[in-house]
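Each of the next two complexes has chain A plus one more chain, namely chain B in the first and chain C in the second.
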Partner chain A sequence: MDQLPIDEFLTDLCPFEKQLDLDDYLGEAPRWCQGCGDLGILTAVQKLLRDNQAEPTEVVCVSGIGCSSRFPYYLKAFGFHGIHGRALPISTGVALANPKLKVLTVMGDGDCFSIGAGHWVHAIRYNVNLLAMVLDNEIYGLTREQTSPTTPLGTRTRTTPKGAFLPPLNPLQLMLGVSNLSFLAQTATWLPQHLLATLQQAYRHQGLAFVRILQHCPVFSPQAFGEGGKDAELMEFLYHVQGIAIDPALERFGGRREHDPADLATAQRLASEREREPLGLLYQNPDLPSYETIRHAALAHPSPAEKLTLLNRRLDRLAPEG
Partner chain B sequence: MKQRLEKIFAQGFQDLQQQLLQRIAASLEPVEAWLRSEQEAERQHPPAPDPYLDERILRGLLREINIRSKLSHAEWERLEEVRARIDTVRAQIQDQAPAPLLLDQNDPAQIQQAFETHYGYYAELFRDLRILDLSLAGEYLPELHDSALSAFSWKELTDREMALIPPLVVFLATERPLVETTALALKLLTTGLPLKLLALQQNIQTPRETGRALAHRFHPDLGFFGLSLRSAYVLQATEDIESFDQEVMAALRSPRPALLSLWDGTGDDPRQSQLALASRVFPYLRYDPELGLDCTSCLEIGKNPHPETAWVSEILPLPGGGEEERPLTFAEFAWHVLDQKEEFAPLNEPGPENPSLADYLEMETDERHHLRPYILVSEAGETRVLLPSNNILYQCQDRMRLWRSLQSLAGADQPSEDAAVAAREDSPQEIAGRIAAEREQAVAQALQTLSRKLLGLEEMELALGGEDFKLDLRGLDEALSSSGTAPPATGAAGPSDLPWIETKLCTACDECTNINKRIFVYDKEKQAVIKNPRGGPFRDIVKAAEKCSAAIIHPGKPLDPKEKDLAKWIKRAEKYQ
Partner chain C sequence: MAIHKQSVKEHILEIVSDAGEGAQKAGEVFAKTAARMGNGLWTEAIIPAEIQPPAHGVRSSSGIRIRFGSDFVSNGGDLTNLALVFNEMSLLSRLQIGSLADDVIVIIDDIWSKDPSREIREHYRELLDGIRQRGGRVVEVPLQEETLKIVEEPNPGKNMFALGLLGFVYERNQKLLAAVVSEAFQAKPAEVLRSNLKLLDAGYQWAKVHLDFQFEVPGMQSRKPMLAMNGNQALALGSIAAGFELCSMYPITPATSVSQYLAAIFEEFGGFVHQAEDELAAIGVALGANFAGKPAFTVTSGPGMALKTEFMGLAVMTEIPLVVIDVQRGGPSTGLPTKVEQGDLLSSIFATPGDAPKVVLAASSIGDCFKLMQTARRIAEDFRMLVILLSDANLASGVQLFERPELMLDEIARPMSAGTSHKGDLAYDWQEETGLSKRLIPGRSKEVGMTSSLNHSPAGLVRSDTESNELAHRMRSHKLAALQQALKPPALHGAEQGELLVVGWGSTRGAIEEAVDRLRAAGQRVSSLHLVFLNPLPPGLKEIFGRFKQVMCVEINYADAADDAFVGEGRRYSQLAFLLRAQTLVDVDCFARVCGRALRPMEIAEVLEKKLGGSP
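On to the complex of A and B.
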């Protein structure tokens, strides 16, 4: 038997020493602006993977195009910087091809709700196993300040210099209306504990877990979401035993309301009333089977014996008559 | 409380059924799919002699994907047997969702037996799943696995498997004397079984104390007692703490034995349980041995109101006009909740021999001679002055001792210098030297302030009592600000001059660290702390506070009075104090 000095033996025994830590998920140094909410989300995702002790080689981060979509460069894991609006179909492919991988999809509001809207709806309906995040800063950041679907009415941008003409799209309301939605939560960059707790719950979910993360872009949309959480009147935490825990330190950022995430009708009402931005788990149905499961069950998986018979029949056709 | 717990039990374990079925399906599915298709194929195409193909050769070619062909007859039979057993359990689980087993009786032998039956059922299931997995992978070695798996018990289960088993919850009878409850808890927790013991604290019997008796005669001390076991999960809580339901679930789902001591109130008035928490009579504590190797990492007391101070205070109007800040102690609890009115004597007006209870408790024993402290209570909108009995005073003292002990075990009273040192790049000696110098300076400053105050030069403002003042002195060393734990108490001089960050709320946005890396650094959790408040000009700290995306940097006062344009920066800093 191998001999080990006692201290090494003990460190081997002690799980605290050997674990993956935050450094194991550091990719390139981020090139986002200082103060950008994307930085905090990156940290939260790194903590999420660390807390779950996910091997970087078993994680794939897929994104579209935008500031937020630079995410895969900065996270040490497999990455796929896709094309504008197409992060979800690419992620679907990755998830179906290798169900063992944990797929993290990162999109901007322009990326997902605008050019990617078609894919967005269908990905939710397909309910493939992945964790989808939209980093919503109510603006196109990378291309320098154009109106996005969530830009508030009247906001002056380079594409609407006289102010946005339309009221913004309500992504929560839309998603809560899509058949087969299985998980929808909302959180924000200025609530680090809530952000991490939400991602944790989404990570554990089987099916497509969609998390909208509110943030402001200090350069082009500094006013978004009450200057990034400075107005508690605009926000409301949802609490429930099946929901997301609220750290007492966060109380000053918004009111509270009890909401059962199994209750779709109330979630729809909450989202459509739009009095305050709900923060927490809006809806979760853990019993919905994922697309992988349904597809696997529906397709034939011929046994070796069956394959043999089929092959036999085919060869029979080639055999000479008689 | 019982009803609320029932709701938590019912809702909290809902997902177990699904998870267990998923776990079973993961092992069973490949065999079942193969069996199904095998039967189907045989039904459709009964094997017939084939003139053109040698079926045996083809079967050989397909060997890799043919489960059965990998197994010998004996192996296949074992697999079938195991599969049938798992199938039965699956049907039972489908039929009835697994729920925690609640036991209301306290006989260790019977509990042990109930545990073996409850966990034995699941252990057998997981053993069978392992046999199935090993067989399918062609890794089942009879000479190795036969004996190992026949002696399989719940002890062999992994944490992940344990997490799929609904726990066994024992309700501890708390109406018995504390010795008995504690002895029973100790007996049960040291059986080596991961039992979940739940004590609903209803009748707080307060022994008449002389101060000479051993502590731990007080029922709520059960939680503190649990800490001494070190490897048990302990939760002590009242219903109104944040995320109570999740806290209870976390304790129940821990793979370890757990002791839950929950306040069940003495009536319907929610203020009673708030007072139990605020008066430190029944402080919140959570000890999760999974979190680290030292007590500070495992113990959490942050959900108590003002966890960094000795007491929680209330402002009450004085009978003769004006108002007084009053700490909530055991005395208030005894008056309002326990209704021990006979332990109090009324007083018209406090004289020189009547210090306030908070002041009294901070005094050394010899200073207390001939003094009778008073408390203020507000009833029906009227404030009354009362003298608590000696018994009550001893209880106050004892609760204070418990709270201080918790604070120091949780590291809430003084941040660990080691941790602060580890977080820096500078050499430990350099830092230790700086901390020592800073502490000396702080003490000198504090003495000066104190003597000025004693001479009546400044109005006394030490609202939270002497110990906090001491705490704050420690706060002066930068270790405190860099741990980001405690904001300096309000009203005290000196410490609040230092900049501090509400580290828990830091979003890791890089603003402050980009402004000055000698002042601001990230801690292990990538949240900003102040490494060295003298690492750069006050200007940098104010700029960081202005830029901070979470608005959590509080600049304090400038440390270098000679800095340029200081008046301007102090003005700009005001908004963020």
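On to the complex of A and C.
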């Protein structure tokens, strides 16, 4: 008997074949240094997409320039490796063009908090529907060890050989002061489960979900964040029913504090006092409409013929006899 | 009173007041009425530098300049024949920029002759004497006095009296004039309209009794369907006709009004205007939208172009289609924000660091502003290229009557072209010769693709070897060659050969062609060529140049004068001349000024005559 020509009937959409697994999100082999925290973030994002069964062709990963911004090459999805500091405007354009796409924006600390600072503040205010991650290693990696806005005071870098002159920028404090902020969380590369849980919550959020990820860079800033999480005194996990679940095993990485993510004032205080680096969900307002929702809601949907009629009518008004 | 009536083919009229006194409004109504009476038309706004400048000063003058006639009008023309000014400082401002003809008729409010300030009274007298001495005529009218007989506040109000007066002087159809006034005040309370109509009539009646001259400016013979609008409106409406759905911008004079016109109507067409936080974000959002399949453009002026440069390089490198409109103003830096210059040609072509081939087009008329939006979008998408469309401050606010373009269903509903959707498709599947390729569009393609600002392979993967870098550069460059091969050689205005060929681009077209026509009528062997495509240049230029003894560019940008004694062999040429010399190796000369206003046909004619070595 002839073989059943079943292939003809199976499409890519065949529900039984649809299960996407981690392999479906593997891009090029990563070329980051050994022990680079970015590797763990890549794995977490791949798991995130797998868990959500996101179709790679429906995911757009936009980045700026930096070690961290090589991310899109290593993830199988639509990738856009842009220019330094400008990942957010490109992402905004993508989200405005096609709200069905899942947009992941990956930036470094220099990329977002320094050269891209203008876009950073405004992206938060626009509240476009996207997941923005800053991979913050408190140093410029790709250009090899220059000071970044988040480099701690006194840190020796190649542009500050006698130590950084200024106290570091406090990105959480700044973001918690921007109107229309809808989601802000912080996590770290040495906490894979917390990282994934945070990204999960951010992924589900409608609006701009901003996640600052403390990133271990063993090459240029190995000492940062208590040598990549070794000092439990420096960190504090925020927990709440609406927040990010923490498991008891995390205790060796930091203290705990209950924090309601709806409580902006407390979030601001925690961020500004900075006694300990807060890890978890600082703030979430699930009710803010995203910018593209607002803009698209006002649009008419005329057919081509109707458009033509409308435009002709507009021109009629500019005709001398009109 | 016996009325001396003169029939003229055209007239240039200026109405100038202090900012806020409504000269512009009166002028707009006059222009609209002229258009309806079939006159060819070109109007220019006279704009003060500040929003509410101190009154009664040269810099506070605001108004309109209207050239109208019995033929199609392609430019602002030469000198003003009749100026209606609300005060002597308005008059002075026009004298200072050399706008008025020697035999100008000045109609002025006589209230200043009775001003309590002796200084003003004397200044007023002095200026009017000056007008008479140079051969002009002064008509003093009680503008404010008569206005106050009808309304309690002279401003606005005087403007309608003045309009009525001009209605008599130019034999305008009174009913029509009143109808256009009614349209203009549609949104205002009925009472405002009523008093305006009263003032209009009063002005007309006053003139009928007191003035002894009238001009007749008949309408055009041909009555093809026409439209009257300015260049920025044409860009805005043209963008809808071209099927754009997003305008991403940051406000900057003189480009902003493109987006303002759009903001008012775009949503009913399913499109919208995004005001970004700065020019970088504006182009970034447009680029991101095009990347994801929504036709988007950005619009700016010189300082904004400078900021967008890095993003333009990204557009070239990633081959994401993108249209950038540059409504040029005087530069460098903040320069002359409200005034015209053609100073961005070379920076548009070359300013992006690295080799970044892109298409540069320039609108030469209001009609071009409308049509070229479609051309720009099609080239951007079919060739996966950055297209810069140049306009300028002269086109931006100049209102012209032009033939109504036919709208096409295909254009207004053109889907984002050239997406591919097959598994295995590459992000840059360059055709070997032309460099053309299809795009993978997120959300539409079955294959994911990497879009990278780094040098990349056809698959979009990062490459830093010589071979792939040279290939990618050649592919991007060949697209320009492919486009050039598709272009026709440009058509000449005038004879196919001769003594002198004038080459121009952008808004100077009307003035250059008018100057050429005058000289040809006087027997001179001069022709002109106007370039819409500036990068790539159209084919055949060298051959065309060879048919003329001399070739000369006329532009509104900087060049060292040929007779500048200080400048030696390093003479700097105007921008198009620079380009044509490099491209054709022909010794192209240039005449260029940074005068901050449109070039006049007469000054161009004078330069050409000199170049031809004699007077006609």
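Observations on the model:
In this text, the second predicted complex is superposed on the first by the 279 of 322 C-alpha atoms of A that agree within 3 Å, B and C clash if a C-alpha of one lies under 4 Å from a C-alpha of the other, contacts with A are read in each partner's own complex, and residues count from 1 in each chain.
The rule is simple: a residue touches a chain if its C-beta (ideal position, glycine included) is under 8 Å from a C-beta of that chain, and two chains touch if they have at least 3 such contacts.
Quick caveat, the model's predicted, so the values are computed rather than measured.
When both complexes are overlaid on chain A, the residue A:Gln34 reaches chain B alone and has no touch with chain C. When the shared chain is aligned, no partner comes close enough to touch A:His259: not chain B, not chain C.
When the shared chain is aligned, chain C comes close enough to touch A:Thr92, but chain B does not.
Once the two complexes are overlaid on the shared chain, A:His205 sits clear of chain B and of chain C alike. In the superposed pair of complexes, A:His194 makes contact with neither chain B nor chain C. Judged by the touch definition given at the top, the superposed model places A:Leu308 against both chain B and chain C.
In the superposed model, A:Ala319 makes contact with both chain B and chain C.
Overlap of the chain B and chain C interfaces on chain A: residues 301-302, 304-305, 307-308, 311-312, 315, 319. Across the interface of their complex, chain A is touched by residues 7-8, 11-12, 14-15, 18, 22, 33-34, 37-38, 40-42, 44-45, 50, 52-53, 55, 58-59, 62, 65-66, 69, 242-243, 245-246, 249, 292-293, 302-303, 502, 504-511, 514, 524-527, 547, 549-551 of chain B. Of all residues in chain C, those touching chain A in their complex are 32, 35-36, 38, 225-229, 233, 237, 240-241, 246, 248, 265, 267-272, 274, 276-278, 280-294, 296, 310-311, 313-314, 318, 401, 404, 407, 409, 412-413, 440, 442-443, 445-454, 460-462.
Here chain A touches chain B in the complex through residues 14, 16, 22, 30, 34-37, 39-40, 42-43, 46-47, 189-190, 192-193, 206, 218, 228-230, 239, 241-242, 245-250, 286-287, 301-309, 311-312, 315-316, 319, going by the rule given at the top. By the touch criterion stated above, chain A contacts chain C in their complex at residues 12, 27-28, 56-58, 60, 62, 65, 72-73, 76-83, 86, 88-98, 100-101, 118-119, 121-122, 295, 298-302, 304-305, 307-308, 310-312, 314-315, 318-321.
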